[in-house]
Structure formats: C-alpha cells, structure tokens
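See the structures that follow.
In the two complexes below, chain A is the common chain; its partner is chain B in one and chain C in the other.
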Partner chain A sequence: MQAENSFIRMESIVKIFPPSNVALDNVSVEIEEGKVHSFIGENGAGKSTLMKVLFGLEPATSGQIYIHGEKVNFHSPNDAVAKGIGMVHQEFMLIPSYTILENVILGYEDTNKIGLLDLNRSRKKLQALCDQMGFDVNLDEKVENYSVAIQQKVEIIKQLYREVNVLILDEPTAVLAPQEADELFKMVESLKAEGKTILFISHKLDEILQISDTVTVMRQGEHVWTKPNVGLTKTDLAEAMVGRSVLFTVEKTKIEHGEPVLELKNISLKSDKVAGRMLLDDVNLTVHEKEIVGVAGVEGNGQYELVQVVIGNQFPDEGTVSVLGSDISKDTIRSRRESISYISQDRKLAGSSQDDSIQDNAFMSHHYLNDSLVTKNKILDKGKIASFADELIKKYNVVCESRKAPIKSLSGGNQQKVIVGREFGLEHPLLVLDQPVRGLDVGSIEYIHSRIIEQRDAGAAVLLVSADLDELFSLSDRIIVMYKGKIVAERIPEDTTRNEIGGYMLGSIGDSQ
Partner chain B sequence: MKKTVVVILGVLLAFIVGAILLSAQGYHPIESYISMFKNSLLTKIALGNTLARMAIFIMLGLAAYFGFNSGVSNLGLFGQLLMGALVATLIGQHLNASPVIAIPLMLIAAAIAGGVYSGIAALFRLGFGMNEFITTLMMNFIAKYLIAYLVTNPMRDPNSQWPMSRPILQSNVFSRIGDIDMTVFLAILIFIIVFLYWNFTRRGYEFRLTGANNLFARLGGCEVNKNFFSSMVISGVLAGIAGAFLIMGSTQQNKLIPNLGETNASDGLMIAIISGQSMPSVLFFSLFFGIIQTGSVGMQMDTNVPSEFTVMLQAIMVLFVVAFRDYSELFINLIKARSKSRKLRTEDHEPVC
Partner chain C sequence: MNLFVEILRSSLASAIPVLLVALGGAYSFHANVFNIAMEGMMLTSAFTAVAISYATGSWVWGLVGGIAGSLVITLIFSFFILKLKTGEFITGIALNLFTTGATTYLLRQIFNVKGALISPKIVPLPRIDIPLIKDIPVLGTILSGQNILVYISLIIVVPLVFYQIYRSRMGLRLRATGFDSRAVDSVGIKSDPIKFQSLLICGLLCGLGGTALSLGYMSLFTENMAAGRGWIALAIIILTQGQPIGILLLSILFGVFEGVGLSLQNVGIPSQFTAMLPYISTIVALFIFSRQQKKKKSLAADL
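Let's turn to the complex of A and B:
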C-alpha cells in the first residue's frame, strides 16, 4: 500500500517508556526527499520522540524504518549519521571552550599518513562549507564567545560537515528572537535548494505555515494527519494538535495596580567567570501588587540572575532588594521564603524531589511556614498534612493515583500543578515565576495561566520570566526587556509589537540610547 | 509490599548461592545452615550473643543510614566508634561511682566524642569545601593509629602479653536482664527515638528531603548547611555510642584493643546500603547480620566451615538485595512495555485488514 520509492518510511512505530507510558502509538509516516517536512504537536505529543527514534537515539519498542525501501536498524546516532541523517538538538551538543573548528570536526577528524591530526585539511574543508552557506565566522574562535543563534548555526554546519542529507531540527526557534528565527529560515531555504531534506519540529504555528512543504500533526503519541502545506490555516493546525478549538489568549481584565511590593535598586552582579562582564548591570525595577511584570530577553542576558538575586540564591555586588518596603538584601533564602513564592524553570532539579511522594513535595516550605500542619509540640501532624496534600490535588486537578505516588510518576503538566499549588498555597505577596509553563501541554498552560491571573487579581505582585513572547504578551501588564544584564526597554503590551521587543532583545534597538 | 518481596528474594538467593559455594568446597550446605541458626538462636547464651551483636549493628547501621539518607557520606564510623570507645574506657577505668551515675556518663561522653570527631569533618566541609567522603575516611586512620599507640604504650595493660588496655571497672560494665544485655534495650530505644525524629519532626523532613535533592531543599528554605552539620554530628554520636557498647557490653572484652570494631563499622555501612530508604530494614538486617555472625562461630566447630564464610554470605546478600531493588522494577516495567506495545499494534491493525 505504501509507495515503494518513498525516501524515508517509518512504519508502525511504537515507543513505550516503561512501564506503560505510551509516547508513540503505532505511528506511520512517509517523508519525501528534498522537502521541508514539519512535525507539530504539543509538548508530549511524541514529535521529538519520533525524531529520536529515526536518529537512533531512542530504540523503538516496535516498528520499522525504511530508507529508499531498504530496512534500516539504527542502534546509535552514529548509524544514523552513516546513513546521512543528522539532528540538531534543543540543547546544543557543543563544547563551549573548544573552537568552532574543533567542535565541528570532533569525532570526524582528518588525519595525515601517520595518524596525526591534520587540522589544515579540516579547516579548508570547513571554510569551503561556510563560504558556500554564507556563514561568516572565525573558525578559531571559541564557541562560548558566540551568541546562541550562531551556536545553532555551528550545530547545523557540524551536521553538514558530516555530509548528512537529512537534517532534523528539534524546536530550533525556541531559543531564538524573532529576527534570528528569520535568519534560520533563510538557511533552511538554502539547504532545501541544495536538495537536503529538513525535518522541522515545532509547536509554533506561524513558522510551520511559513516554511513547510508538508506538515504532520501529532497528538498524544498518535499520528493525526500528514498534509501538504496548501491552504492550511493556523486554526486547522491548532485544532488538530489539541483536538478541540483553542483560545489563543487568556481572559484577563485590566485592573489598577496597587502599592509597590518588590523594589530592586541599582542591582549589579559581576560574572565570576569572565572578568569585567556584568551579569546584572544597574537594574532598577518595581513590581506592584495586582501587577504582572514580564521579563523578556534572549537566554543568558541576566533574567536568570535577576530571579536568583530576588529569591536570595545569589547576592548582588551592589544594590538593594526590598519587599513591601523592608530591605531583604542580606536575608537568607529561608527568611525570604516567608514572603516570596518561587517557581523555578527547572521542574525536575530545582522544583521538586522526583523520587519523593506528591505529599512530600507539596509540603516543602509549608513545613516551616505553615504552623497549622504541626502540633503544638512541633510534631508533624500527619493527618493534617495528608488532607493538605489531598486538597491541593483536588483544587489543582492533579491527575494521580494518590498523594503517596512519587511525583516522577506524573506527567509534566501534573507535576507542575503540584508545584504551582504548593507555591500559590503559601499565599505570599510576591510570586517569582521563571518560565512556569516550560514544556507543558496546551491544557496545562491555559490552566496555569488562568491561575496566575487569579493570583494577580487577588493582590499578588508577579515577576514573570519567559522565553515565549506570546506568553509575555498575553499575561503581562508591563514588559521589560533585558539585554546584557541591563533593562533596555519597558513597554505596555498594548503599545508595542513582538518585533519591537525582539529588536530590544537582540540589542539592535536601544544601544544608542 | 513490593520492597519486602525484593528483600526476601534477595536474602533467599544469597543463601542459595552460598549453598552452591559450600557444596562446591565439599561441605554440606543444609547441615551448615542448620548449625548456623542453631548456634545463634536456639540456646539462651547464643541468643544473648546474637542480640548483643544486633545492638552494635543497630547503632552503626543507623549512623550510616542517617548520614546517607540526608546527603552526608560519613565513611568515618570506625574512627568515631574508636573515639567513643576510648573515652568510655578512660572513664570506665577510673570512675568508681554508682553505676547509675557512671554508666550514663560514659555513654554521654562517648556520644560526644563520636559527635566531635565527625563534627570536625563536617566543619572541614563547610569551611573549606573538603569532601567529607575523603576526610572521614582519612580520619579513620588517625583514630586507628592513635588507639594502636595508646594500647601499646601509655594505656597498655602490663600484665598482658598483647597490646591492649586494662579492662574497665567491673561495676561499669552493663548488666543483663536474663541473658539479654542492657545494650540491646538501649539500642532499640535509641532506634525508636531516631525513627520518630526522622519521620515526625520538621528537622527530620528537612534531612530526608535534603538527602533526596539538595537544591530543591535549599530553594524551599531548608537550612542545608546547618542540616549537614547536624546530620554529620548525629551520625558520629550514634557511632560513638556503638563504641561505648563495644567497651561496656557484658558480652564484650571490656577493654580497648587495636582494630576494635573495624569490621563492625564496615558491616554498619553495608546494613545502611542494603536498607536503602527504609529505616525499619536497619533493624531487620542488624538482627540478620547478628544471627549469621554469631552462628558462624558454632558452625565452624560443628561442620568445619570457616567462620569467614559469613563475610562472603553478607556481601552476596548486599549485592543481591541492592541489585534486585534497582533492577526488578526496571525489568518488570520493560516486560509490561513490550506486552502493551504488542497490544497497541494488534488493536490498531485489525480494522485495516
């Protein structure tokens, strides 16, 4: 029934993460040569897993892959590369302290007759490749000195150097500003013109419609459909992805903000790795009650440090942090937790203890802040803690077996709901949210967003860091942009555009001021 | 429930492998095992000895368990035990007072000695970033050679051929209830206190969560540095008490000897490892190690199987239980995944055909 001459054919792929987490449910898909084929779906839909199976990173539980009708069996990415398939991961596989040249040739080094490295030959080959792609960089510069967008191109060049003709790009635009994404799309176009096949993973609908020839939609591990990109609309894609019609914006009424809650004055933080580099450079910021302040910026421009300084995990070299008028600059995390709720960007490492139960995870910080869960003699009241956990599970619609289940047995969205429930349950005046919906499905995102608005309406001051401009535009009452540790712009979402914010993020506007 | 099955299976398998090794060397395995249990449980004196051994293991197993599960690698049980034993000996040799005063004083002093010795390693870590894994291990050597020096020179018993100290005063030795040494009751009492502290206090919760994920605990407001210090000291205190037990127990020699408790300390580490995250398992394995070690001596006399066989049996048991714990789930899950995948494929294919 399948065309024998199809380029890549994946047939009945099933991938189950033990014991019974179905990531791919009998997925069959065909890929044509020389096209840009996009895979879209929500987080957890299986699009990345499918590509990892194709790339030999994850063994399929069952199913076959054919290339030009010939069955292949990849045990490792090396097998896939040998068949001309390369992948650029979301997290770059580069060694920061190596030069571009060293990174690219790593594992595929040219050697001379007696087996010594022949860097010159490699350099010539790589330079020719870069010239051909119009990629102008110094090959002997260390990778860490380049921006994320350039590093991504290095990753792509690295794959091309290995002479792949199929390139898998896993959510490549997640780390890029809008302008940088346009650059990437140009590169994709030129690769396609050379006859390369591009497999493009994303959940951003606009860019899919912009660059794809063919679109495959996935939902909950299943293949929904594959169609040529002719006459498709955003609504078509969104409905297929989510299985119902989706709102693209959160319901939010405008309210007047109140008194200042968080005040940062002249905060500066020096890098302890690079002398003279400022991670935070004279940052002044006020967040009021009943206000959500969104922080935009390309990753690594000080947003993370800003959050760390507020929660007390790092101490600034200069400046003061105050909450509700009192200076907390010298306070420990423990005492700051009396007024600050915090959701970290890393759910697994910083936001939870994966092996412990939902109850133990929900109890964190409440264990010393919430005296109602402890008896007069300072003994933990197990009955009250259990009902506290059960209430949280009920109130935040956490899908789980029981409060005793380890939190790692929950889906990402449900884990995040436990974390959100714990933090919002502290009923603090200040919420510091560092990418609170990263990696979640649309349903969970909508849910958590509406809870954030609810907290604001109830009087909380919210500092929201996000890499997703859509999230910032739909939630924020005010957006600030960080670039090289400075706040370079402050805008009301209604009075600005994504492109303007993007310009500030890249430093292409604002430097002259 | 599943965990209990894993432990029982692991222990049984260890005995089976042990039996194979025994018969390979020409011994009769069943006879040997029967002799082992007979000589550890079936006479009053044997049972008393088994329980006294158990008491030592409970303290040392608990010491290691407390450290490991709160994120502290205290490998210095041996050194802390020796410091406790040294202090108990010094007081016990000279303090001729009512046992009601002398015995608690010796225990408390030994506990403090153990706690101070481990506390030093904790301060090295907090002050200079020195890994406690290494410092505690190194401090074992300091304690070991300090004791070796003391018992061959200043503290040596002049009437003895071998290097050892004079015994403590007979009044300072623990009494027995029936054939059961007081250390047994004390160990169980301490176990209960530690168990309640671990599970029912705020600090206990912080210890547990810090051990599971330090960063998460710190960001959640737990005082991780203070907890590190306390946990290290508590671990040392428990080891120090074990040292006092080794001097003061009625089944013991009541004197300081070189290498006192060295194998006990490593057995304590093994018990903590084999117990994983279950504190009651410490009690179970302490009893178990007590049984096979006490029984091995009688077994050697009855059947000629060398008593060192138990060292091997213990090691096999640790390997099996730990391996079972980590891999049984993985393995079962893998089988579940396979069968589910088969089901998915047939379900989806039927309508096509």
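Let's turn to the complex of A and C:
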C-alpha cells in the first residue's frame, strides 16, 4: 500500500449481514484530509454501510481502518467521535421538545461542582461556535419550532461542538429544497476552508459534481472507482453507478387530457396536534383523464394529508372530494378502493403486509374487486390466484424465488413492483401515488416511471406526490406546489424552472394568482 | 375541630407512601418505561420491612429490608424488560400477581397468621417531635410527631428528585431517552443503562414507600397491603406528567381523601364504601384532567 501518511485509509473492508448478504465486498478507499469526498451509488450499493463501518455503528466482518497510518478499532460511535469523526444521519437524531442548546450538549454536558448542569457555560461555548459559523438562531428555542433545514444545521453544529474534524453527511439534501441545499453547500465550503474533511453521501449526480473534490462510486457492495472531480460528467457517474448506460429522461409524449376525474373543492383540514394550524387550507384541485399532476412541497406542508383525504384515511373538516362527478366525501376507504389505486410513501406501514407472501400481497383488493379470483360461493380460488400472481411476477419482472416467498425477502425495488403491479392491475380511473419510487434503485425507478406514463396514456388520472423535483419535472403534465397546506403555485413543467418551484416550496415567492 | 385536625394529620402520613412510589415512578415515566410493577415493588417492601423489623427488632434494618425487597422485584423486572425485551405490561402484571401470592404465602408460612400480622415485636419508624412547631396548636398536631420518612420525603426526597430530573446531567439524558432512545444512542450514550438506572432509583423509592406504609403509616402487615396504591401512584404520574411538585400535591390530596374515608366510618357508612373514596377521587381526577386537556385544545383551535 502506498502513502503511509494518507489521512484515512479503509482497507479490504468486508461486511456480511447474516446469513449471506454481502453489503461490502473488499472495499478499499483512501480519504485525503481537508477535502470534500463524495460517495455515490444506488440504494444498496453499500455507501451508507461503508460510512457506518467508519463511524463505528456497524462492525466490519473483516478489514482494517487506519487514521494517519495508525490502525483503529471502532466499537461504537463514541470511539469514532474520540478520533474526531462525526456523522449526521439521514434521519435526524434530535429531541424535538429540547432546545437547540440542550440537543447540542446532550452527552457532552458541562456541570458545576455539585453535578447540576451548567447551561451558561455551555451556552457561551455554543454561541461562540454559532457566531463563527454565521449560524443565527435562538439557542433556547425548541428544535421543533425550526425548519428541517435549520434542524440539519443543528445536527452539524452538534458534531462541531464535539470538535470533530471529519464530518459524514448521509444524503443531507434528501430533505431539502434546492435553495436550502445551496445554503448547506455554502456551509460545507466554509467547513472545508477551516480544514475539515467532509464525507458526502448522495445519489444526486448534479450536487456531487458541484461540491466534491474526490468522488468514489460504489455498486452492489463493490468499489467501482475513486477519481478526482476533474472533467467528470453526469454520464460518467451514472454509468459507473448502474453498470450500463442510462436514460435521464422518461420518454413521454404530450397528449391532450380528457374529462375531470378527481375534483377537490375547498378542502380544509385542521391539525389536531397544533391548535390553529391548518394542514390543508382551502385546497381546490382537479386531475383529468390522461393527466399526471405532480405535487411538490417540502415535507410536512400538506402533501401527505392531501393524499389521506383523497384515499379516505382522513376526512376533511370542510370541502368535497369527487371522483368522476360523484361525491365520495363521506365514503369509506373500502368503497373508494372501487375507483382509486394507491401507492403509499412507506410500503412497510401501508400497502403491503410484510410477513405475507408475494402472492397474498399481489391479490389483496383483487379478491373483492376481481370476481374471477373467487368461486361462486365467494371462496378464494387458489388455482386462479396462483396464476394471477405468477402473471404479475412475469409482467412486472419481479425478481423472486417463487410467489410463495414472503414479500419482505425481496429488495425494495421488487417489493414496489409487486405493489405497483397490484394497484395498476386494478385498472382504476384514478391513481394516487405518494412517492412511488422513494428509496428505489435507478433501474426500478426507470421501470416504474415508464409504467406510470403507460397508465396515463391508457386513460388514468394520476396524482403524484414527490420530494424529488427531477421526478416531478420528468413525469408531470402539471405541477402544483404546496406550502403550509395551501396550493401556492400551479405550473406547466416546460414553462418553469426548478428554482422557481423551489422558491414556492420555501414560501420565499408569494403567488399573485 | 379535633376530628378535622386528626384527618389532616393522618392524611399526611398516608400520603407519603404514595408520594414516594410516585416519585420513583416519575423516573421510569421519564425514561419511557411503563412501570406497572410498582404495586408489586411496594407490596414486597411492605412485607420485607415488617418481617425484618420483627426479626431484628430494629427499624433501621426494617428500612434496609424494605428497600432490598423492592430492589429484588426491580431487578427481575429490569432483567425481563431490558435484557429479554419482554412486554412491560405483561411483565408488570405477572410480577404484581406473583408478589400478592408470594407475600401472602410467606406471611402464612413464616408467621403462621392469616390476614394480618400485628405484633409488638414489629418496631415502627421513629416519630419525631419538632421543637417549636409542636407547640403551635393545630399546625403542631398535624406536622409534628410524624414518622421520620415523612420529613425525609418532604424535605430531602422531593427537591432532590426535582433537581435530578430537571437540572442534572442524568435528568437531561433520562428525559431524552424517554423521548427517543435512538437519539441518545447516536450521541454515544447507551440508553439501556439509563433505563436501568431509572428503574433502580424507582425501586429504591418504592422500597421507601412500602416501608413508609407498613412501618410508618401503620405498624403491621396485612395481605395485599398496597391495596392499589401503586396504581394510584401511576395515575398520579400520568396526571402530572411526572412532575415532582404536582406529584406532591396530588399525593396529599389522595391522603386527604383516604383520611376522610376513614373518619366517615365513624358516622356509620360501611367501611367498604369509605375505602372506595380515594380511588373514586382518582378516577374523577383523571376524567376532569382529560376533559380539560380537550377543552384547552379546542379553545386554542378556535382562536
């Protein structure tokens, strides 16, 4: 091995999750001090696992880590922090009802002689740090009163307070609007200027090219290559990630939309947690036949509730929901299922029964909507159900051992294909898709996107909620933006920009319409 | 007048066992451990305190025995829920049923009595006369001459619990564990030891509570002596969201109702009914509390 003096060297790291899931296959990487080093790859490529090994969260099955040539053995995040390595997780590790100060000092508290907290001493130190970083917040305000972007900065400050000099950021932009991401990048730049090393995990190609000094690509647990970010292009990265050439845009032809299918009139929904807050505030929306309406918004601005109101999981305080002209406002979920297909944002919570087989998951709902699967006496027809499941598996290229395998044994992408197959197979006039490709690999995303277009072309009305602007721009015929429960903008993708949509998402542009 | 003073005096003594147990439960409440085994911890310590006091003739050893009895149950509870990851509710119920049976069995086996063990050999906690205050009419009768745990609880335990939960490093970590133990783990503090620590403190305070019941408020042991006080403590914790000062006030309220109940027996109301009074008042308190919460919400929503 070269360069004894390299900063961090991970050598021949192997990580096997029992029984035989190889997450990291002999990965060796060197990290230079004071640089932004990105790790890119699809979900399941091993980039997060590699970082967890470095951070001491997951023990490696074999392999070594050297810092400044000295071999280290991390058994817990504490060991990593002691060596100056900090990590900001994708899911924030903050206590919402604690103040910023309390969150930052947790586990690192100053105490006085009799063992009580010395908040004043901690506050002084933290204030100095925030001033230095140009981070202007009230340290005694509860974290829950701040936006996701601020919370993320609190997480970063929390690491800096522990005097780390290596900061691992796990998909930090996944939860941010474009402008907020730019703010984050500025912070990353200033950290770098202070000599900190940033390890940046992402699967967004543009931002990788924008901020990295060095890029490491991973695929299926293997290290593909590490190169300095000089002259790299999106195509280089994508091909290395997927192992073949990829299309960046879905092929979509423009078609005229038809009659209205979903009509929302004056929908309002009050929060039952925070008094006086409106989750949905006078929402009016129509989705037509042969039309995909994309819903943009920073998480928590009413998109989720909008979907719940349409599928009948929540009843609005005011307003009506109609499908094909008939008012379904009072209908149950069960009866709405006669006309609405739905893909939930978290298939583990809703949309699949994880312990049940692929077959059982495939024909749920079909068992009462599709008479050919039951006998005259309303008994399930096993033979027909089996061939129904086999057909779905074949049609949607589900990679599995057999239809009898539990759905949780499949990869995320294949699970989602089963659900998509079931929902699209209902041939309903309205599809409600809440982040249908979240967490899937590029291959599965391409596939599901093309199926969504196919459904639209066949006449379906599609309501698509997504946190990914690229997805909304490539699929939608019309994009609406939600902010604080209101629809604040409505645009045709060709006539707008990501920045404009981002501005509406953050509420920094008001709409005059 | 005399009756009224007498009620208040006994209220204070009867409030202390519930107060101590509820303060203990506040720790597990903040650690987000649903500890319903407090009833069993209290009952066990009430028994071991009396048994050890009887055997040694010393209230100090009785107190130690009471704490030890409660800690044994605490260790079993902790082992099951933290190590074996069993359900808190099921484990708690099982321990409560077990301790009811075990204390009754041991009472009959060791002391050869059914129902209650009353004996001059049981040395109760000492009563302390407070100089100056004892000479004040009414107030002196109520406050002075109570057992030692009354004073320890009010003067030392309540402030100590308050400062530990809200002002100390341990408290910050404890409450964080209750909100989200992953967040605590992520900053390198292990949440399970914190939960264990909170359960040990809870066990200690339940031990004091049980002892305050059988060697303080009374000087005897009867079968199923805790009589739901552990559950009342749980209700108080939920009502006050684990705040020590609120726990103090509600515990005294419970004591007053128990005192009123006892004295109503003297005017010919059957004791079974009067004994219900503190429990009925707890249910009423829960009802009023939940109504007010709702009202607050809808009021704020209308603004």
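The rule is simple: the second predicted complex is superposed on the first by the 510 of 513 C-alpha atoms of A that agree within 3 Å, B and C clash if a C-alpha of one lies under 4 Å from a C-alpha of the other, contacts with A are read in each partner's own complex, and residues count from 1 in each chain.
Here is the rule we use: contacts are C-beta pairs under 8 Å (C-beta built on N, C-alpha and C of every residue); 3 or more make two chains touch, one makes a residue touch a chain.
It should be emphasised that the depicted structure is a prediction, and the values quoted were computed from it without experimental measurement.
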Superposition on chain A - do chain B and chain C clash or fit: fit
Partner chain in contact with A:I333 - chain B first, chain C second, else both or neither: first
Contacts of A:K484 with chain B and chain C, given as first, second, both or neither: neither
Touched partner set for A:S365, first chain B, second chain C, both or neither: first
Touched partner set for A:K384, first chain B, second chain C, both or neither: neither
Chain A-centred angle between chain C and chain B, computed on Cα centres after superposition, in steps of 10 °: 50
Which superposed partner A:F17 touches (first chain B, second chain C, both, neither): first
Partner chain in contact with A:Y342 - chain B first, chain C second, else both or neither: first
If touched residues of chain A are counted for chain B and for chain C, the larger one: B
Chain B versus chain C as contact partner of A:T111, first or second or both or neither: second
Three-chain overlay, closest Cα atoms of chain B and chain C, distance in Å: 8
Common interface residues of chain A - those touching chain B in one complex and chain C in the other: none
Parts of chain A lying in touch with chain C, wherever the complex brings them together: 76-78, 81, 89, 93-98, 102, 105-109, 111, 115-117, 158, 270, 272, 275-276
Residue ranges of chain A touching chain B (in the complex, touch as defined): 12, 14, 16-20, 22, 25-26, 61-62, 311, 313, 333-334, 337, 342, 344, 349-356, 360, 363-365, 367-369, 374, 378-380, 382
Touch list for chain C against partner chain A, complex: 163, 167-169, 172-173, 175-176, 179-180, 182-184, 186-189, 297, 299-301, 303
Touching residues on chain B, where the partner in the complex is chain A: 199-202, 204-206, 208-209, 212-213, 215-223, 330, 332-334, 336-338, 340-342, 344-345, 348-349
